[in-house]
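Pasting in a structure now, in structure tokens, and then I'll have a few things to ask.
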Amino acid sequence: MNLIILLAIAFGGALITYFLGKISQKIRDIFAVFISLALAVIAACFYNVSSREIYYTGFLDFPFVLRVNTFSWFFAVTIAVIGLFSIIFSLNYIRKRGNTDFYYSMMLLVIASMIGIVLSGDLVSFYIFWEIMSWSTFLLISYNRGPAISAGMKYIIMSVTGSVVMLVGIVSLYLHYDTLVYTELSGLLNNASSGYILFIIILFFIAFGVKNAIWPLHVWLPPAHSEAPSPFSSVLSGILIKIGTYGIILLIFVIIQINVFLNLGEGILSVRYIISIIGVITILIPTFIALLQDDAKRLLAWSTIAQAGYIILGIAYGTSESVAGGMFHFFNHAIFKSLLFMVVGAVEYRTNGVRDLNSLGGLIKKMPVTFIGGLIGICGLIGVPLTNGFVSKWLIYKTLILNNSPFLAFAALLGTWGTILYSYKLIHNMFLGQLPEKYEKIKKAPFSMQLPIVILSLAIIFFGIIPGLPLHVINSIESGFGMEPLTINIWGIASDTGTINMLNIFTAVLVIGIMVWLIFKVSKKSTVIGQYDNYAAGTTVPKDKYNYSVNFYDPLCRMISPYLKDFIDDFYMSLARSIKNTGNGIRRIYTGDVGHYVIYIILFLALLIFIQINWELW
Amino acid sequence: MVNPVLLIVIPLGLAFVVPFFGFISKKIEKFIPFVALFFNLIVSLRLFPRVLEQPVHVSIGGFVPPFGINLVAGPIGILFTVLIALVGFLVSIYAFDYIKEKDQEKYHILYLLLLTGATGVVLTGDIFNLFVFFEILCISSYSLVAYFGDKTSIESAVKYLIQGALGSCLILMGIGLLYGQFGTLNMADLAGNIKSVHSVSIFVPLVLFITGFGVEAAIFPLNAWLPDAHSSAPSSISAVLSGIAIEVGLYAMIRVVFTLFGASSILTFLMLLGVITLLIGELCAFCQENIKRMLAYSSIGQIGLMLFALSIASSYGITGGLFQLVSHTLGKSLLFLAAGYMIYRSGSMNISSFEGMGKRMPYTALAFTIGAFSIVGLPPFIGFPGKLMIVKAALFEQEMLYTVLIFFILLATVIEGAYYFRVVQALYFKEEKNTQNQKREIAPLSILIPIFILTGFIVVIGIYPKLITDVLVSSASELLNRADYIKSVMP
Amino acid sequence: MTFLSEYIYYIGAFGLIFIGLYIVLVKKNLIKVIIGLSIIDTGINLFLITIGYIRDGTAPVFSKPGLKANEMVDPVPQALVLTAIVIGVAILALAISLAVKLYKHHGTLNLRKINEQKW
Amino acid sequence: MRKLFVILLLLIIAGGITLSLKEIPFGIPKTKIGDHFINKGVEETGSVNIVTSVVVGYRGFDTLGEITVLFAATIGLGAVIGTFRKNSVNREVEAASLIVYTGCRFLFPVILLVGTYIFIHGHLTPGGGFQGGAIIASAFLLMYLGCSNKRIKENLSKTVEMIGGLTFIAVGIIGLAIGQDFLFNFLPKGEPAELLSAGIIPIVYIAIGLKVGSELAGIIDNLIQKS
Amino acid sequence: MVMNTILEIIIIILLAAIIGLFFLGLSRKIMARIHWRYGPPIAQPVIDIIKLFNQTSMSHGKLFNFGIIFSLSGSVVVLLFLPLGEMCPLSSSGGLLVILYCMLIAPLGLALSGGEAANPITSIGISRKFLLAFGYELPLLLILLTVMTHFNTISIVDIVNMQLQTGWSFQHLPLLLSGIAYILILPAILDLRPFELIQAPQEISSGPMIEYGGKFLALATIQHAFNVFISLSLFTNLFLGGAENPGYFFLKMLIVFIILLFVNAVTPRFRIEQAIKFLWRWPALLAFAGLIIVSVTG
């Protein structure tokens, strides 16, 4: 199979989908699913293939290179698979909405451009795909109208800011080294001055940081994730922001190379440490802000930022365990976060767009499969043992502790405990508690929604018990980067400094669980009662009156909320306002009085002459 | 043997005979610009390969320069003629249905004259002849701005005329001063005599030229006419004004600065001026509610960007600047055409009146979106290579000033993005308030064809910039190698 | 005095130009501004002619035999002026027609008051 | 304040221009191309009026541009003025007295004749297409002023104008067609100072005269009729 | 080998259950004595459990059942990671970090189970439970990190072994600070006054447990007993040098527990915000100081 064919299918599929939709909705749906399935399958076929080809030279003499190795394969497959699931999820979700052709076509375009990003082997084509991804994402975020419009605006402005800055970096690299192909570029920076490397890192980091929603570049993410259509939110949160992670890995490990990166700066002021600290801030602040949210998707959005912080922390810390943890967490986060967005999306779909946590509740009886998906999803998010999130976080913590960075570890761990709070709030307020009467008639989610939910839930458990599979891939990526490989077996990691073996834990939990269940089973049977049949000190619980899921963590929220204003957002907004004010001020020079205009002309002339006569500048 | 002079003469002749066709049938008139510009397109494309090898020189009336007037069809000249012919051709198709007012005849004549004037400016090798053609361009654009004859358009035209006439006077003064000193009007001859601009006597004409052409090129602070004029002209004319007229002004300015004076010392100043123009244009555009005013201010910004790139005066810089020029010509024309039709249907120039247009006119809105993305510089559209080349050119200089300026430019790009994306969102993602005319309507073919062709160019060149970069590189070397130019004209 | 006699033509020409410029820059009335533009034009034409002038030169027309070539004034500026005049006329005509329309629309020719198009 | 400021600016510019005028002493001998034209003009173009040989011969292209400018102005003026035709009030014009009326009608052909003479002899005597055209236009102006009931036939004027323009271009293109340059003087130059000399120059000047005359008349017509 | 492990597991579970239940009984007895009452017999919890298993119970649904099972098995799994003397069956499967995470399972299970019950009081209880947990986890994390950084290992077995060589952790200043902090947060972990907010019988009628009856309550009680054992044993292992034999180990735990009971008996209850404020102030500060000292000197 050829890489160009893969890209051609991806982009061609996106285009054709739009026109197919004009013919028949059904054909288009099938075609879209087929295309994304094909992408996933073809991408998977490149496992352990390592190839590289120049496919286009017509662009300003930059050779466009496509390459695949384990690193890009890993990302490409994740993208294709998550993309496939969200397309499937979309089938019902989007059906009754307007402009569906546009939706599918953009969705496929986003996926295609992401695959293009990870497969491209030089920075120019990387940038081109990057930008295509940016604007198609912008169009999709705005798709929901209403508040989505300002969300999309925020996103695209930040994204464009980031990418133009990156462009400077790319061009600067090109001018210094006369090539932008990774393979030729890598290692060339060994001899560069550390100031220059720092300059490059900062430039690229702004771009990747915006996409990856690193604090303080995160402000676009909460509105964008919460206002986008839910299937796209899962793509957005699951993989799209991880393209930023891909970029960071690319920058640190391929272009700059890890040994150069680790030697930048000294001690607490070293670049790796600073980025790690930024990662930790990215974990902590958004975690607590997520606690305060009442909108399910906004909560998940903040959570996404926080989880991205773990990834950055892991990658920037730079030991082979932490990098493995970071990359594994990328993979896990893609799974469980897209799952959670799908869960919220399913609820939203059935309740006609309600995602306010205070007005939902008790849906477990109505949507059991969705609930299980949500439960497993939050377990993964928290990192409960036997889910995939556990292993990746464990790797990060372990290496932080053992390398004497306890404060980073503390912040990361604290973030996890915050995660418990908000993720329980999410599941409790949606599915547990009392079922409001208006939701009595809700049906369970349709099959096209349940299918991805079920598969992704299974994947969480599967990779939680057998972390060795992805870790093996990650290990070979790392050895490709010239890092010390981990000792990995299929159940976990065995090393001198710390061992984890999911099989033992799994067996233990399973056996003990069965034992307890047996005890439970053999003891006297219990009768099942309804939700209003509650103990209420002698009276009955009045219907629809008590919904204690409102303001779930009120005491804590009252305590911390004054400190958690998103002042970065305020800062950007005031920046935007001041730019607008400046513009409004400046345009007053065009007074409308032509007398002024001619004076400008003569003034310009006189000024130039005056300067020349007096100072002879020119 | 194709002679570049035909590029000027044939459209001129056709412009003269438009009234005659008017006698036969009123319907034929509108096809005259179409035919003329089609002819120009063919001729200039046929000239292309020849010009790339070596500039074509034509002396009028058989008198060798500096005694007669000569035309220099170098790569840059032919590049411009192709652009003018192409955009003019497409806009003339657009005008089939767009211009429905009475006095169509006059519109078409003036339109043709405008483009002929522009062609003359880029081809001529004589400074006074350049001035004459420049006046043709200006006078027809004054009239065309006033074409609708309503309150705003007359007001804008008056303001435009006053400033433009002042600019012309300055140019003429400059010509007089130059002629007084060197006794010749041929640009190559003049250039051969001018060694440096340091002395006041040469500097003053230079500044007069810069100011005079700067008015037409809309460089800050000489650009106050532009937002008014571009926003109140008919959209087809706005497209040509924005896409061609100001670029031709910029061409004249750059030609004068580079070739005539070889004034490399003033380039840094022009560069700063470019950045200031860019920032001011974008900031003002950011605050506009009127779509055409917004586009007009955006044109100011783009001109600033081009000026910046051209003033870098390296091969990279000029190539980048010219690429940006091409991309702006195509993109901005497309934007004005698409916006024009939407304004025509919605009856208001307010951005909010565009809400829901994505549903009402899908193709036009799509074209507008692509044009907007291209202007902002998003791949895979034509704006991106231009931006890339400019950044490359600026960073290539390896100087702090350039790096700082490039960040300002990129800031401006972001601002530009902000207001364009706002319109795109209005097109697609805001519901129309008055729901009665939700009906979907397809624009007539004469509107769609030019829009589609422009869109096609934007995408194709965006993906395959090599299509034009070769020409641009040789254009850049033409501009940079002053000595070659002089030698080729005056052996 | 020699200075004046040497440069009186220049002073005249540029005097006109600057008077015109002053009018354009300062006056409010559109008609006056147009007149100013016209004066600038005239000044420039005068300037051009002055450049080509030779002391005691004759018109460059060999209308009768015996005229010496080296006593003739430079014909080029005259040709240029011919063109410039026509251009000036063209601008003037257009400006006046616009002024007429402007008056119809706004009821005034005061340029300070005609500022609907701004910002 | 504004005035002072403007004066200051103008002074600066004046200073600059004065400094640059130092290089252009007044009354200098002819310049390079001026010399060439005077010395070789008659020989090369056959026109004894060197200005004409410059205007139509050496710099004929300028002249083409120039008539185009005028053409553009005429059309533009028509377009600008004509847009409000409906609303314009038909002003009652008092008829001129008989003397004026007759005088005008008498002078009209004479003026036309003078104009024609001037542009036909453009290559021989001072004068030429523009001057002749302007005189012709003044004849029409006279008609408008004196005989308010007479109007130019618009179509006729248009046709004349068109023929003028086309002739110019056709002459130019013939030069191109015979394998020379545009506006090449392909006709025999004849004896200098004869009426039938200087090749294409008289033809071009006649064309210019017709065109300028009809254009200026058209401007007058437009301004009088439609405003 | 495998048989040995299985045997160890069974012994540990049984021991933990016995010790845990004994502590529960003991606490009631001691409290009564402090209150000048006679108090129930020490075996009362066991008697209760046996009785409860024989009562009919009411269930709110599958998650209600699943949650309690999940919770109990989570607690049991944690036991397997804790060295009890020489015995530590799952020592090689992740260490202290896994313990930290597995300790999550139990409250999460209870919360889920209570969630389905849809009783408002349960919701309040759960909310308080998580908040309080968040309150004490902050110092707890600092404490554990101090210990792990000090010994530069994440394996609890290694920690115990090193204490055997170098003496109890309490002897080192940073760990002393952490140890004090741990004692300060222990009542919160064990739901004792002044942090008895979750059950708070007088206030929210046992909170999360309100819907439990019969075997559910029995299982919940067992889980609580395990919880008591786990927290105390963690403390003993980390700071009091663990022990070579279970008896000695038990003694250490008992002393700590009795101290806590005295505190419990004489203090009133915090409000939840006050509790969090307290927890985030003193214990956290102490632990933080400890961590700083460790990371600077280590």
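Labels A, B, C, D and E are assigned to the chains in the order they are written; within every chain, residues are numbered from 1.
Please note the rule applied: a contact is a pair of C-beta atoms (placed from the backbone, for glycine too) under 8 Å apart; a residue touches a chain by one contact, two chains touch by 3 or more.
Treat the numbers as computed from the prediction; the structure is a model and nothing was measured.
Engineer: Identify the chains in contact with subunit D as well as subunit E, in label order.
Structural biologist: Touching subunit D as well as subunit E, we find A.
Engineer: Measuring between Cα centroids, which chain is at the maximum distance from subunit D?
Structural biologist: E
Engineer: Name whichever of A-E and B-C has more C-beta pairs touching across its two chains.
Structural biologist: A-E
Engineer: Can you work out the whole-Å distance between the CA centroids of subunit A and subunit B?
Structural biologist: That gives a centre separation of 43 Å.
Engineer: What is the distance in Å between the mean C-alpha positions of subunit B and subunit E?
Structural biologist: 78
Engineer: Calculate how many whole Å lie between the centre of subunit A and the centre of subunit C, each centre taken as the average of the chain's C-alpha atoms.
Structural biologist: Those two chain centres are 69 Å apart.
Engineer: So how far apart, in whole Å, are subunit B and subunit D when each is placed at the average of its C-alpha atoms?
Structural biologist: 30
Engineer: For subunit D, jot down the residues that touch at least 2 other chains.
Structural biologist: Within subunit D, residues 2, 6, 9-10, 13, 16-17, 19, 21, 24, 30-31, 33-34, 37, 59, 62, 65-66, 69, 72-73, 76-77, 80, 83-84 contact more than one other chain.
Engineer: I need the residues of subunit B touching at least two other chains; which ones are they?
Structural biologist: Those would be 128, 132, 135, 139, 142-143, 146, 149, 154, 157-159, 162, 166, 173, 179-180, 183, 185, 200, 203-204, 207, 227, 284, 287.
Engineer: If you go through all the chains, which pairs of them touch?
Structural biologist: All touching pairs, sorted by chain label, are A-B, A-C, A-D, A-E, B-C, B-D, C-D.
Engineer: Quick one: in the complex, what on subunit C touches subunit A?
Structural biologist: It is residues 21, 24-26, 28, 33, 111-112, 114-119 of subunit C that touch subunit A.
Engineer: Which stretch or stretches of subunit B touch subunit A in the complex?
Structural biologist: So the residues of subunit B in touch with subunit A come to 158-159, 162-163, 166-167, 170, 197-198, 200, 203-204, 207-208, 210-211, 214-215, 221-222, 224-225, 227, 263, 265-266, 269, 280, 283-284, 286-287, 359, 373, 376-380, 384-385, 387-389, 391-392, 395-396, 398, 403, 406-407, 410, 413-415, 417-418, 421-422, 424-425, 428-431, 463-466, 469.
Engineer: For subunit A, which residues are in contact with subunit D within the complex?
Structural biologist: 595, 599, 602-603, 605-606, 609-610, 612-613
Engineer: List the residues on subunit A that touch subunit B in their complex, please.
Structural biologist: 58-60, 98-99, 102, 124, 127-128, 131-132, 134-135, 138-139, 142-143, 145, 148-149, 152-153, 156-157, 160-161, 164-165, 167-168, 171-172, 174-175, 576, 579-580, 582-584, 586-587, 589-590, 594, 596-598, 600-601, 603-605, 608-609, 612-613, 616-618
Engineer: Touching residues of subunit D toward subunit C in the complex: what are they?
Structural biologist: Touch list, subunit D to subunit C: 2-3, 6-7, 9-10, 13-14, 17, 21, 24-31, 33-34, 37-39, 41-42, 48-51, 53-55, 59, 62-63, 65-67, 69-70, 72-74, 76-77, 80-81, 83-84, 124-126, 128, 130, 192-193, 212, 216, 219, 222-223, 227.
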